[in-house]
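Each of the two complexes below includes chain A, the first together with chain B, the second together with chain C.
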Partner chain A sequence: MKFAILVNEGPYTHQASDTAFQFAKAVLAKGHEIFRVFFYHDGVNNATRLTTPPQDDRNIVNRWSKLAEEHNLDMVVCVAAAQRRGIVDEGEMKRNGKDATNLAPGFRISGLGQLIEAGIQADRLVVFGD
Partner chain B sequence: MTTKKFMFVNRKAPYGTIYAWEALEVVLIAAAFEQDVSLAFLDDGVFQLKKGHQTKGIEVKAFEKTWGALEDYDITKLYVDGDSLKQRGLSADDLAIPVEVLSRAEIGKLMEEQDVLLSF
Partner chain C sequence: MLHIINKSPYDRPALDSALNTGEGAILLIEDGVYAAAKGGAAEARIKAAQGKFKVYALLADLEARGIADRVTDGVSVVDYGGFVDLVAEHKTNQSWL
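Then we have the complex of A and B:
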């Protein structure tokens, strides 16, 4: 089956992002396909490479990046939500006159149309949020 | 393009968190993609539709004007849970736009018919 995943909460504050990650891993382990993981609301905070949790805790951001690399996942961060919350890639930095970027590897910033497309293309769109 | 039935389930109060506002942004994009869009308002989500929001004091944008724009996007299927209204001392007359007030069972049935359910 072809899944799409929507992550609506940030890392650490809510378990939603952990659960989404475990779900994604389980989906792939069962041989299903993930069309796209889309990050919205505070979920965009899953994509900052500046996250530095204590050493004995899970690194939620790196975990997503690694999963994306291993399975060639398409992980998309909503541009409007990212702009509000200061998640920046090279293009956004230039466009908005910022002096830094913080988008973690494996993520890309794009529009909400990518979420709607995921809803259209996937057999199931699974939402993880509050 | 394939057309699917997208229902947006709004369950949170209009202010206090950004969920309702960012949900609306998704709704408009879904309509721009010419999907079969409907909105359901449950629980505190019914407050999103209430007339006369005064948001100047909290310095955030008010919803009321935006609801009027839904029609421009051909979004006309707006369902409100009657119990949620009643529990909050509201009726359809208190709402900024015309909606269909349904029972929970009726909304549940509509949900069953959807391809994609997005809950905010």
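Then we have the complex of A and C:
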């Protein structure tokens, strides 16, 4: 079965991002497919590679990147939500005249259409937020 | 419909909103699992709902809150794999955020 996951909350502020990650892992362990993970609202903060949590804490961002690499996941960050919160890739840096990028590996910035497509293409869409 | 509740019943009315829909399955996660604690004020609501709703609670979140050993009778405890199965079994799901 094809699953899509929507993450609406940032890391370390609410459990939603942790639950979404554990759910994604369980989906894959069950042999299902993840069509896309979409990060919206404060959820885009899951995609900054500049986070440095204490060594004895989980690294939520790196954990997502690793899962994406291992399972070739499509992890999409909403562009408008990303612009507001300073999540920047190469294209956005040039387009908006910024001096740096911070998008973590495995994530890509795109539009809300990607969420709609996920809702259409996947058999199930599960929302994680506050 | 699978109703996913992540709010404590003592904080926000997510559980009641789900129960008001009439029937289906309820999965308690995150702070939502407090509704499954035996002896809590929400126990009566959970018991009353059991005719119309099948009620589940996520093990990891029960354990994190120290209430895995006192879950209200009739509530089924599931792990993350069980969470996935519930989503797959139900054609639709709603997270009551």
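Everything that follows uses one rule, which is that the second predicted complex is superposed on the first by the 130 of 130 C-alpha atoms of A that agree within 3 Å, B and C clash if a C-alpha of one lies under 4 Å from a C-alpha of the other, contacts with A are read in each partner's own complex, and residues count from 1 in each chain.
One rule holds for everything that comes next: contacts are C-beta pairs under 8 Å (C-beta built on N, C-alpha and C of every residue); 3 or more make two chains touch, one makes a residue touch a chain.
The structure displayed is predicted, hence computed values, not measured ones.
Trainee: If we overlay the two complexes on their shared chain A, which of chain B and chain C does A:30 touch? Say first, second, both or neither.
Mentor: second
Trainee: Touch test for A:129: chain B only (first), chain C only (second), both, or neither?
Mentor: Once the two structures are laid over each other on A, A:129 reaches both partners.
Trainee: Using the superposition on chain A described above, determine whether A:53 touches chain B (first), chain C (second), both, or neither.
Mentor: So A:53 meets neither chain B nor chain C here.
Trainee: Output check: A:3 vs chain B and chain C. Expected answer is one of first, second, both, neither. What do you get?
Mentor: In the superposition, A:3 contacts chain C only.
Trainee: Please work out whether A:22 is in contact with chain B alone, chain C alone, both, or neither, and reply first, second, both or neither.
Mentor: second
Trainee: Kindly classify A:120 by the partners it touches after superposition: chain B alone (first), chain C alone (second), both, or neither?
Mentor: Touch status of A:120: first partner only.
Trainee: Pick one for A:40: touches chain B only (first), chain C only (second), both, or neither.
Mentor: First partner only, chain B.
Trainee: Name the contact category of A:91: first (chain B only), second (chain C only), both, or neither.
Mentor: So A:91 meets neither chain B nor chain C here.
Trainee: Residue by residue on chain A, keep only those touching chain B in one complex and chain C in the other, then list them.
Mentor: 8, 127, 129-130
Trainee: If you look only at chain B, which of its residues touch chain A in the complex?
Mentor: Within the complex, chain B contacts chain A at residues 1-2, 4, 6, 18-19, 22, 25-26, 29-30, 32-33, 35, 115-120.
Trainee: Which stretch or stretches of chain C touch chain A in the complex?
Mentor: Touch residues, chain C against chain A: 4, 6, 29-31, 60, 79-81, 83-85, 87-88, 93, 95, 97.
Trainee: In their shared complex, at which residues does chain A touch chain B?
Mentor: 6, 8, 40-41, 80-81, 84, 111-113, 115-117, 119-120, 125, 127, 129-130
Trainee: Would you pull the chain A residues touching chain C in the complex into a rising list?
Mentor: Residues of chain A touching chain C: 1, 3, 8, 15-16, 19, 22-23, 25-27, 29-30, 32, 123-124, 126-130.
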